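Note that the chains take the letters A, B, C and D in the order they are written out, and that residue 1 is the start of every chain.
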């Protein structure tokens, strides 16, 4: 059994333990849960340390260059003649997925710690939590499209229940909205996946295959198949590959989320319990970005290039639109949710630029946003747990009342608005560099996009600072009066233990971006080269 | 000369009467009598046609078998009827609906 | 990555790094170890800055006027095929700043020990201050534009923290938000400029880009537009940081911070970073951009000076004065008086810092008076002051020196630097048409206005009788010069405001060592008439102006300004620029944001809602069809089957005779069928 | 029309008529006795069909065996049974009998139709055997021949029937025995 398999499925073991334990022991469930995520984090760190870099380990479209690979035949059905249904259990990591794995396992630990507040139906909650953990890890490791899809769908189920059962007042609405949105995306993805399957043959076995890496090589496409590069097939009057790309892109864009497919996000975030918000913002959104890189761009590089302008445009719109919306919010969690939309726009912009700087910046932004949004949502959770209110205008002058809390809020806010020294600065700067570079290198994105993107940084400063001013500064004045003042105690030890590592991580990545860039660089270069070959 | 047709008519009459008895009676023993009548109608036919088989005597031989078998059937049937009566206190077949005692 | 220009000396490098890192160490110690109100923190920070000062002096003397820049680099991280370097670039400009910052910061630190003594967040204050010093020092030595930008933002961040130091005051919080956001506007422009340069030249290295003759910026055959546009972006960055029109409004508001902070950050160092930036990237500007710089500088200088004429808040006057002086520096940069600009930067740092520190002492005393007599006055309002000359002699003397320097009277440092700017502005305008001569004339006018408002300030504060008696005749105003901790730094600075520090010749700026340090200037010789005429004319004009102020405010026999006139109100309301921003731009942005939110809620979500409703409608239709059509058919079928079953069940009576009847009937039917059909 | 015919028709009439009486009778004992008559009449008809041995067997087994068995059966069962076995409230024509009558009449019609259509006298094999002399004459002694045939040609059915007889004997005896215990 390879280390990746262990990484993916170890939470299941813990989940089983939780399921088997009697309900009376519910108090130790959270400890088991935390242990599970810590074990996973340990494995992820081990992977990160042992991950080899260099052009020979770039991954992307070379099967041999992936690391920690495990490939087993999983489903193989003889369909008569030469046709054989070939679905492999195929996992492996390259520079792009290793960072996602590490980031997601850190976020999961944070989410596990913040699950301390869960107060009903412990068994179900933690079982679903661990199932979600499995699915997320699986998505980042799978190299077989079928497996990818299964894990991708598997994420939906626990999330739906986690929001729908443990959520806020309008939880059912939010859960349904979330579910429908994402399901809408993934259902069409299934069609494209099947189309790809019937277009691609594994050169070794001659069978149709779901192997994503085989899908990346145009030589593996059957002549005249629907997604074949030379076959010029059409779907609905458009070239089939364009349609396929758009469908996959929409599926992932919903996850990212890209304006105008983003409205599930604020609702889901607002209604979800804190740990789920953390996972949603910290990891789920990255699945979208990761999917765009791993699936959309790698399988349809030709379309990615011709459609880069539109992708970049969507990115810019997301940046500005999300930021403006955040400016209009009264609910702190909603504000942060919209800020996520804005920040993820940088990912899209960076990816669309198809330059090494832009791609790396996008990767960095995903990692950085993973930590920062986890931190932000955790902080909102802190205050919400205390007084069950998140309205910005309900609070004033928290700085005097909760000094430590305010320090962390400031760290998180300033890190998010791109203060140098924190990861988001490097990430956003390099996404924008990519966008600027694009004009000179491949001419995909016009300069004004990058300029508009930078305006997004300005707006993010505006809404974060305004919030700081409204909530934390000034004389202390609370809607709930004396009762709230007593309830709003400063951060406890457990909360500090969660927040300090996150803040340090954000800081470390800001000072030593090489922690990410070194691992990512080869893959990014390979990806750029791969895309340019088309 | 007594023709075959005469025999057949008589046997047909008996047969129809037997059917009538079987269908209409509410008494198991009477139904049994009806069945016997039908059997006898059949035996009459066998015997009548047996006249034209002197060598093998097929008609008469099988008439004999039939008589013997009918007797055996009657004895079994009677035993069953008595048992049924013991169980249900009736021998009306229409009222015997439960199969399990 | 060594260029031909570079020349390394490990000792200097280490010293320079130490200069930068010492305040950072103080920051860390204060942040992590020292308790909230411990007095130790002040001494730690001061010690750090003192050491920094000493080391920077060593570095300064080793590097100043050497033919080689010092440039060392190390790989920070690699991205794509590009290696991003981290490094130092020490040349005259940066070592000057490197010396200037601790030189100004040291007195401010000492002053702060006394000034902040009673504050509940004493340690926090010094933490921030050390952090600022670190960021500022790092900013001036960085060779890498990305890092420079990083520290550029960090000084802004430190300024944000310090302006909002008393964060329970609403005004302070609004001011720091405003400062940060307005600075951010410039920062974005700066970032865009940096990124454009990177996109074009694939390096962040300023040495490669701008230093020497073989710099990329001077390379032939490159589209100069790729230099001009980033140049304009840099200019925008500098405008925001140095509080030039139209992004100047944050600086007066920033006076909400502690006065010592205003002295260090918002008068001497951080705001000068904009000028420093222009100096660093000077080759990026072509003649047109330089003209724009000059125009902006001149306009800002003039505008701020007119506003300063009518303000009553002591610190606000100084803030507008700072804006005005920064405008002068911009102007100097624009007209090519590179060295004069930096010269003025240095001299201005000292005298403006001193002015602020004096103001701090005065406000401190006024605050005491206010509390003592329970007066409802603004301690910063100069209208309530007066007569402090005799009560606070040390403050008066030091403040006067600074004021004279600001006015630019001979024997002060201000005279040297300011006249340089004026003269060179005239030289620049010569032969370019009358339109260009507006700039030197405007500058001259501004220096006269400066003389007026400084005189007004001095007269109102120090001369005459205390206005407090107008409230209550019984008040005996008491005020003292502060303790030695106040006095020593002020005296140190006062000494720096005099000419000997910069030139042994008090009248000719050309002889100042600082001026000569920048070879970029080509105006080394006293070539023409301007060098004599302009200083004489200016100083001759200044005397009546001061007298006018004296007549207006002390003798009160001149009534030149109608207090209610249009011009007065225009000036008093700061040209309505701030109100314009608040009422138009902020409103516009908020409106836009509400619009997008409305869009989000109603259009996008509405669309989704409509889709959902359509879905539900379809669902309902489907349900109806299901219930009545499909189920209906099914019901009919089942009904038929049921009826059939019921019908057939009739046969299943359990009556043996009934079966028999059926059986026989079937036989009959079969027979009949067989026979007759 | 000779005496033979007359006797035949008389016999036939008795058989059918007594059968009808059996059908019509409400009284079980009466119908049983009328069934005697039918069986006797049938035995006579067998004689007319030149099957003396069958006729004898008919009388011996049916009349002497079966009927006696029947009578014994319910006479031995006691009075209560006897009363219960009496058919109650049965009219000859009642609504419940209509299907029975209908079916019987239909069968009568069908049989009549079949017999007349088939014309058994003109069947090929009957004609063939009449020509080849394979017809029993009134003077023939058939018993000998039957005995030989039973022991040779029909030995297997004979043995099977005998086994069957024994099984029914045992079975009937088992079924008819008085229950000692109630069957659970």
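As a convention for this text, a residue touches a chain if its C-beta (ideal position, glycine included) is under 8 Å from a C-beta of that chain, and two chains touch if they have at least 3 such contacts.
All values derive from a computational prediction rather than experimental measurement.
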Comparison of B-C and A-C by number of C-beta pairs in contact, larger one: A-C
Centre distance in Å when chain B and chain C are each reduced to the mean of their C-alpha atoms: 122
Rounded Å distance between chain A and chain C, as computed from the means of their C-alpha atoms: 34
Centroid distance [mean C-alpha coordinates] between chain D and chain B, Å: 6
Where chain A and chain B are represented by their mean Cα positions, the distance between them in whole Å: 90
Multi-partner residues of chain B (each touching 2 or more other chains): 19, 22-24
Where chain D touches two or more other chains at once, by residue number: 99-100, 103, 107
Junction residues of chain A, two or more chains touched: none
Inter-chain touch pairs (all): A-C, B-C, B-D, C-D
Contact set on chain B toward chain C in their complex: 19, 22-24, 31, 93-94, 97
In the complex with chain B, residue positions of chain D that touch it: 4-5, 8-9, 12, 15-16, 19-20, 22-23, 28, 31-32, 35, 38-39, 42, 45-46, 48-51, 53-54, 57-58, 61-62, 65-66, 69-70, 73-74, 77, 81, 84-85, 87, 90, 96-97, 99-101, 103-105, 107-108, 111-112, 115-116, 119-121, 125-126, 129-130, 133-136, 140, 142, 145-146, 149-150, 153-154, 157-158, 161, 164-165, 168-169, 171-176, 179, 183
Residue ranges of chain C in contact with chain D within the complex: 657, 661, 664-665, 668, 671-672, 675
Residues of chain A that touch chain C when the two form their complex: 177, 180, 259-260, 262-263, 321, 324-329, 355-357, 360, 397, 399-400, 414, 419-421, 425, 429-430, 432-433, 436-437, 439-440, 447, 450-451, 454-455, 457-458, 461-462, 465-466, 468-469, 472-476, 512-514, 517-518, 521, 524-525, 528
Contact footprint of chain B on chain C as seen in their complex: 653-658, 660-661, 664
